[in-house]
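The same subunit A turns up in both complexes below, where it pairs with subunit B and then with subunit C.
Right after this comes the complex of A and B.
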């Protein structure tokens, strides 16, 4: 059995307290590449929507002359979605509201470096 | 661009799908190739061609799925340089249907698949009970029904 090249990065991400899902997805297609999910979580849906969100943010930032998107965070009533992109891929973390966003950001950026 | 339907119950699910997924063209058809609804086509001949090709692709990929996996494939995607197509099967109590969606860089395959899945669920909920006596899809009826449906879609009925 082959271990995914993203396994280590995703494992580190899921070890951050409050992170409930960690995924790698293709930014353009929104297709799930690898994931660490809890039972009942729909990785394909999260991947499609988070990749679409990141792509639109990247295009918006580019159109506004703001440069590259470094870190994207969506805060909702019951949790947050954090995304970092590298090349054609995005790394996504789904976390609870009480999770440490700073730690998630560090791990996401590390994971993104590992993708490069 | 407007959505045109042969039967009213498919209208709301298809409009929602087109709006949410961001596809440029959507076609709902029977696996036999009979059109049920369309969005984005300007000519009846294009609908007729797309229906015939989609039905043929579905039949071929279904058989391939049975051969390889023991069951037919229910979703198919083809990526082009600028545009891609997605073919999704929806099963309802009124029968099986195919959703052909054409999309470009304005959306993504993941989004199209996500909303196609939701469309299949919405279609199943909206579907009426099947008629007591289904007419067989004989060649003579097929041609007649196809022409009737195209006339409805393009305002010639």
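Right after this comes the complex of A and C.
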């Protein structure tokens, strides 16, 4: 069995309290590259949505003259999605509302570095 | 000293007027600015500054309508918001000024069509590009709505992202509107999120009043 080059980064992400899914996806088409998911979670769906959201934010920020986008967080009533992009890939963490966002951000940025 | 060298210098008058204003010397501030405004009647900045100082004069019940704060000296007088007795800015572009405090932060309230209801976004050369910024960023909220709906995590409450030039935070506002906050890169993420909440409160109050 081949271990994905993202395995270590994703394992670190899933160890952060409150993180329920961690994955790497292609930012342009939202295709899932690798993931650590709980039973019942749809990795392909999360990958597509998170990549699309990040892409939209990146394009909008670019059009608005704000430059490259780094960390992005979407907060909802029952959870949050955090994303960091690097090149053509995005690293995504799905977490509960009580998760430590600061820690997730650190791990996501670290994982993004590993993608480079 | 500056006024002795150039008595009619509008910039010096504004500065000195605001120093008086900051000390609570409203009559003196008004006198300095009035003299300068008479000497330079075409100076819109001076007229604006004078109007601001006059708005701070004692109200009918004996209290001041505007309380000068230490941070107020960071920006030119002409850029200070006009404030009503209820504490709300009379110009909708200044709605969030007292919440944001720092001139590197700005907030916009957009309607469901991405049009600006309140707030402003000034570029380095002084242009208000709120409409453009609002149009570009409002699309992100549609994507957020789609994402949360498909993930089943309930309605979205906020998006925050760090860009090179600014940290941007967005939240849904009343009537399918959108609140957009942009803070300079030096503003920490957590503070940006808190400012977003405070701007949302201000927007709710303003929308309530506007109805």
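Just so it is clear, the second predicted complex is superposed on the first by the 116 of 116 C-alpha atoms of A that agree within 3 Å, B and C clash if a C-alpha of one lies under 4 Å from a C-alpha of the other, contacts with A are read in each partner's own complex, and residues count from 1 in each chain.
The working rule: a residue touches a chain if its C-beta (ideal position, glycine included) is under 8 Å from a C-beta of that chain, and two chains touch if they have at least 3 such contacts.
Predicted, not measured: the structure shown is a model, and the values here were computed from it.
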| item | value |
| --- | --- |
| Three-chain arrangement built on subunit A, subunit B and subunit C clash or fit | fit |
| First (subunit B), second (subunit C), both or neither touched by A:76 | second |
| Subunit B versus subunit C as contact partner of A:49, first or second or both or neither | both |
| Which of subunit B and subunit C A:28 touches, first, second, both or neither | first |
| First, second, both or neither for A:19, with subunit B first and subunit C second | neither |
| Subunit B versus subunit C as contact partner of A:90, first or second or both or neither | neither |
| Subunit B versus subunit C as contact partner of A:10, first or second or both or neither | neither |
| Touching partner for A:112 - first (subunit B), second (subunit C), both, neither | neither |
| Residues of subunit A touched, compared between subunit B and subunit C (which is higher) | C |
| Which superposed partner A:104 touches (first subunit B, second subunit C, both, neither) | neither |
| After superposition on chain A, the shortest CA separation from subunit B to subunit C (Å) | 9 |
| Common interface residues of subunit A - those touching subunit B in one complex and subunit C in the other | 45, 49, 52 |
| Subunit C-touching residues of subunit A, taken from the complex the two chains share | 45-46, 49-50, 52-53, 56-57, 60-61, 63-81, 94, 102, 105 |
| Residue ranges of subunit C touching subunit A (in the complex, touch as defined) | 132-133, 136-137, 139-140, 143-144, 146-148, 150-166, 168, 182, 189-190 |
| Subunit A to subunit B touching residues, read off their complex | 25-26, 28-32, 44-45, 47-49, 51-52, 55 |
| Contact footprint of subunit A on subunit B as seen in their complex | 105, 107-111, 113-114 |
